[in-house]
Amino acid sequence: MRTDGRQPNQLRPVTITTGVNKYAEGSVLIEVGETKVICTASVEERVPPFMKGQGKGWITAEYAMLPRATHSRNHREAAKGKLSGRTMEIQRLIGRALRSIVDLQALGERTITLDCDVIQADGGTRTTSITGAFVALCLAVNKLSKTTQFAKYPITDFLASVSVGVIQERALLDLNYEEDSKAKVDMNVVMTGNGKFVELQGTGEDSPFSREELNKLLELAEGGIEELIEMQRAALGEFADRIGG
Amino acid sequence: MRTDGRQPNQLRPVTITTGVNKYAEGSVLIEVGETKVICTASVEERVPPFMKGQGKGWITAEYAMLPRATHSRNHREAAKGKLSGRTMEIQRLIGRALRSIVDLQALGERTITLDCDVIQADGGTRTTSITGAFVALCLAVNKLSKTTQFAKYPITDFLASVSVGVIQERALLDLNYEEDSKAKVDMNVVMTGNGKFVELQGTGEDSPFSREELNKLLELAEGGIEELIEMQRAALGEFADRIGG
Amino acid sequence: MRTDGRQPNQLRPVTITTGVNKYAEGSVLIEVGETKVICTASVEERVPPFMKGQGKGWITAEYAMLPRATHSRNHREAAKGKLSGRTMEIQRLIGRALRSIVDLQALGERTITLDCDVIQADGGTRTTSITGAFVALCLAVNKLSKTTQFAKYPITDFLASVSVGVIQERALLDLNYEEDSKAKVDMNVVMTGNGKFVELQGTGEDSPFSREELNKLLELAEGGIEELIEMQRAALGEFADRIGG
Amino acid sequence: MRTDGRQPNQLRPVTITTGVNKYAEGSVLIEVGETKVICTASVEERVPPFMKGQGKGWITAEYAMLPRATHSRNHREAAKGKLSGRTMEIQRLIGRALRSIVDLQALGERTITLDCDVIQADGGTRTTSITGAFVALCLAVNKLSKTTQFAKYPITDFLASVSVGVIQERALLDLNYEEDSKAKVDMNVVMTGNGKFVELQGTGEDSPFSREELNKLLELAEGGIEELIEMQRAALGEFADRIGG
Amino acid sequence: MRTDGRQPNQLRPVTITTGVNKYAEGSVLIEVGETKVICTASVEERVPPFMKGQGKGWITAEYAMLPRATHSRNHREAAKGKLSGRTMEIQRLIGRALRSIVDLQALGERTITLDCDVIQADGGTRTTSITGAFVALCLAVNKLSKTTQFAKYPITDFLASVSVGVIQERALLDLNYEEDSKAKVDMNVVMTGNGKFVELQGTGEDSPFSREELNKLLELAEGGIEELIEMQRAALGEFADRIGG
Amino acid sequence: MRTDGRQPNQLRPVTITTGVNKYAEGSVLIEVGETKVICTASVEERVPPFMKGQGKGWITAEYAMLPRATHSRNHREAAKGKLSGRTMEIQRLIGRALRSIVDLQALGERTITLDCDVIQADGGTRTTSITGAFVALCLAVNKLSKTTQFAKYPITDFLASVSVGVIQERALLDLNYEEDSKAKVDMNVVMTGNGKFVELQGTGEDSPFSREELNKLLELAEGGIEELIEMQRAALGEFADRIGG
């Protein structure tokens, strides 16, 4: 039995609240159990230098935790004067994942920045950020579509992410912080609406894992991601139908 | 008439929600109009090096804005690798203001850090942070008091803050962003429950101000702060009675 | 009785020596008691990016202390790799104060940078910097006026600054270091030649202050600033008459 | 046909030269095709603060490229004053991977730092670093074992790493730079001598991948890693037999 | 003829004013022509970590220029967040030079920091700093000697420094800024009272120099340094006799 | 007798291997005894901002040591976030030295960057870097000359560097690390093929030196540099004849 009474293949309760920021082109508060992340999508009508003149857009992401998002207070990275390796790794992952379902050509020469700020952390902050940022991105693109005539809708598919892991020989879906710190194997999976992998990051620092274990974990992840995409669809309402259209 | 229909001496609607963070010893979400700030109070059982061995505690504050708290997105200070002068000025102000109503001797050798994270900004973020941080601080001290026998209750008085300013020759209370950017004179006032000044920061960069204007502004501030303290009292409930006791 | 025998409303001896730097467009050494600050004004024929294309000029300031300006040696901020919050706060204050008496339109698209370097510190370094920087600024504008035809003289009024404070219930003018470290209330006041306030920064971290105390402090400051402006007038000689003209 | 004439499941030529640094406790130059990395293992008789007093050792890694390791010269990270996200991600990966086959308890309170410096880069620098660092680590532990009585040999298994990817629908082993920049799917795999996964990092930013593709890639990786471990065994000679013993 | 009418072997006018800072244990303002440097010596009763427990003292130096010490204003290194290579090179040179004439054993476990702050620069700031810092150091050691019983006087010899250079085939002593920028060969020489070299830094970036030229330059330097030492002796008065005693 | 059995005027064995990097326009591995440095020359068809529009080229250098180039491991400067004073001093020296034998006008508006990365250090890394970087530079210029019609060959003379020092009253050529740490006087000399000095950096921090000692050291250096230039000539083969042509 899991500490919070869930089945091995059961997600924590998920809530996606849209429109939580009056300035951002797209915004959501996503809650997965006690993990809470504010995701905003900001549109700028220019691209970074390395993308200039290609007629294509850019999607990038930044990630941070409030100092007291965790059990004990963390120092602010702004005060320390640099981003930790963990932060950089996570924000690179979020950006890469979201670019995979955006047709940058169709988007045109503009940048959408996804800011994922963790208000409270209880495991799975990077996967929750990806799932929430996808919705914020869709809202921003939808807002853009009111003033911009896209030749093709720039979002090509749904995208969500979940963590899976192995604790005491059992594969479990959507680890909370307590489970995460006990897991021998820990894997973050990002998948599209059509069931393909965008990112797979598994680590068995404490205990290497076999092909069989890998397969079990991937099945759990597939199930969880299908459910998450249903919730994204509900949060987006009628806009959901434009995706991949 | 003000753009949002308020009287010159009228505050924006204020909401103080306590307990918004499950880890922090004290936490509030304070909303003053469209300005929203999460304030958490974190207790650590040690003091910074310069305070060691004095048998006294320490109160400090940090302040930040989410990148999209504002009309257009700001770069993160963590990514830029340093705090701006504005941020440092504000967090020094918040810390100084809160220390003024804490008996550091009574608190004992521990540090309470107030984190003020602006989720959405519409003017008055530093004054709102002070008003909210006071409540978070009280909640943390109250929690501490359950396990610590204080010789004397460490919070000596109420404390709140508000901005005032002059627009087109009229003194106005609690400026929103639009008003703030038009104001010729801009003043932040921090006062205690017994009606004394803790901080007074007035600037007339665009137009110096006279003693008469100063007096009008201070009267508006006094009225606003009295109201804010009433709301702090309500948010604290029964704990409010211990303050200054 | 004050430790140096002064009356409560008496300034320390003030000396303003002009022309102390052969390269700077304007320069002074200002001594207020044992506090000594070199102020230079440097003119550049361009404005910072955020001011470009507005046909207006810019005034900015930087402040620093030599490592042994103080009783014990301080580490250099250049060696530490960043400016302290205190330094940033002070240089923002100096810049803001001086901009208040410059007609940036009349100045034209150029920047004047005021460098205030504290050679020896004995209290009141920020107020002394403002008073000295004003004279350096006037000298630089005067030099500029020999080669530039200003439609209107860009300096609109005199400007000086002084500190006031409360020690053992007595309001005192122009605190030296020893007094400053004992003061319960500490206030820096910047005023113009026509007797209006440009900046008012009062703090009662150790003991909040009442309206009555505030009024006493402001009266002392007004008297001190009038005297300082007389000394600025003397230092500027015939150039003084052009101010506000 | 691959540009360099290899079969899809064929590694590039691999050379592992040991003892290339006269000071390091363990050192190798590993060449995989035109990719060349110097790996040194440095032993220190203390552990980082967060590991103190646990009676356990620590393994950590750092990674860098010489500025002209690549087609065009890169700026040095030391000159830029900070590590890139890519560098941090890679060195975290190398450290994690190597810790997975070290019994930190058996190692005792000491740190071994693996420095992987890329002299020339032609794809696969992170996987090559892991494969080479493993040998350097074994040499250092072996040297240690001459002066230290280990209760148990601290290296528990072999460890090697290789990249795999999909180009034009074909799964390929050990991509060189040219292939890497064309690959739609790119995966780095780290495995132990007993055929289990330690790290799996797959990304399909340009084109998500299916379970079938994943399986093909993992099979290629398993074959490549077996071959690499044979070469590690040859490079270690008689020391190889102590691993996992 | 030199631009300022000097003979090839003639120093600029030199003034050494002692006691210019009321807090520092030793202080001088040294003026060599239009180059002006404030040198302070600060004593601390501890040594840096790498010198601990050896029963020896330490001498170190820091160097900086006020932003407007030069023809056009320079950015502050504190604002840029790092020291330039030039600054580091100069302060390492000053420290090394001064350590050469201090018996660190005799000094005992304390640090003397020489701060050389260039108020106005007209060539030769590093050599002027060394010549001035020597006097500040002697004053500080002398002050120390009133409360400390030195087994042996810690200053073993005089020390001064001067620049020499080649302009249009002529060797010249003590270059001013204008000469320095035209010189094909530029050399800084540091010598002791007994006529030996402590530092020799010659550079012929624009035109390599022969042994003959080197010899001419060294002769000029020897002459100049003898004169500078006479001025140091005069500035130190009776204290001068204790040096090397 | 020297610890490695050499005569006072004897260099350590020197090997210069060219073409060690497949991407760089010029590259060598230079070994002087156990000191090993990889030098690459990288050509870019642009100049730094301060050289723009002058029709001239630029030569610059960067220097670094691998962390385990030394007896005990050093922290990476990239991880510390800044270059040490020593590194800056050395790379400024290398750049200055190489510029002295390049006709920047003849080179045309391009930059050649010499990267000197110390793989293993046993004394004399800066002088070895200069000697090796000269050969890498020649190879790059030679490569350039195949596609560029130089009006004049841009390399005007040979250039090499060696260290000399005094140990127990004896002048020695080419100090290894052990000797270097015992030397009372330490001097780095850079000379051209026609026997002139480009840089002379002598320091007698532990013991000042006389004119006689200086002369002995310079004679040793001259002899060593002649030999080094012979080896450069051999490494360059037929290209050597173009130098100064």
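Order as written gives the chain letters A, B, C, D, E and F; numbering starts at 1 within each chain.
Rule of thumb we're sticking to: a contact is a pair of C-beta atoms (placed from the backbone, for glycine too) under 8 Å apart; a residue touches a chain by one contact, two chains touch by 3 or more.
Going by UniProt, the chains are A, B, C, D, E, F = Ribonuclease PH.
Bear in mind the structure is a predicted one, so any value in this text is a computation, not a measurement.
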item: Separation of subunit E (Ribonuclease PH) from subunit D (Ribonuclease PH) in steps, with touching chains one step apart; value: 2
item: Furthest chain, CA centroid comparison against subunit D (Ribonuclease PH); value: C
item: Same-residue or different-residue interface between subunit E (Ribonuclease PH) and subunit F (Ribonuclease PH), half as cut-off; value: same
item: Gap in Å, rounded to a whole number, between the CA centres of subunit C (Ribonuclease PH) and subunit B (Ribonuclease PH); value: 29
item: Euclidean distance of C-alpha centroids - subunit C (Ribonuclease PH) vs subunit E (Ribonuclease PH), Å; value: 34
item: Chain centre separation (subunit B (Ribonuclease PH), subunit D (Ribonuclease PH); CA means) in Å; value: 51
item: Averaged-CA centre spacing for the pair subunit F (Ribonuclease PH) and subunit B (Ribonuclease PH), given as whole angstrom; value: 60
item: Set of subunit E (Ribonuclease PH) residues in contact with two or more other chains; value: 81-83
item: Successive chains along the ring, subunit C (Ribonuclease PH) then subunit E (Ribonuclease PH) then the rest; value: C, E, F, D, A, B
item: Subunit A (Ribonuclease PH) residues within the subunit D (Ribonuclease PH) interface of the complex; value: 82-86, 88-89, 91-92, 96-97, 99-100, 157, 187, 191-192, 194-211, 214, 218
item: Residues of subunit B (Ribonuclease PH) touching subunit A (Ribonuclease PH) in the complex; value: 21-24, 27, 34, 38, 40, 42, 44, 62, 64, 66-73, 76-83, 87, 113, 115, 117, 119-120
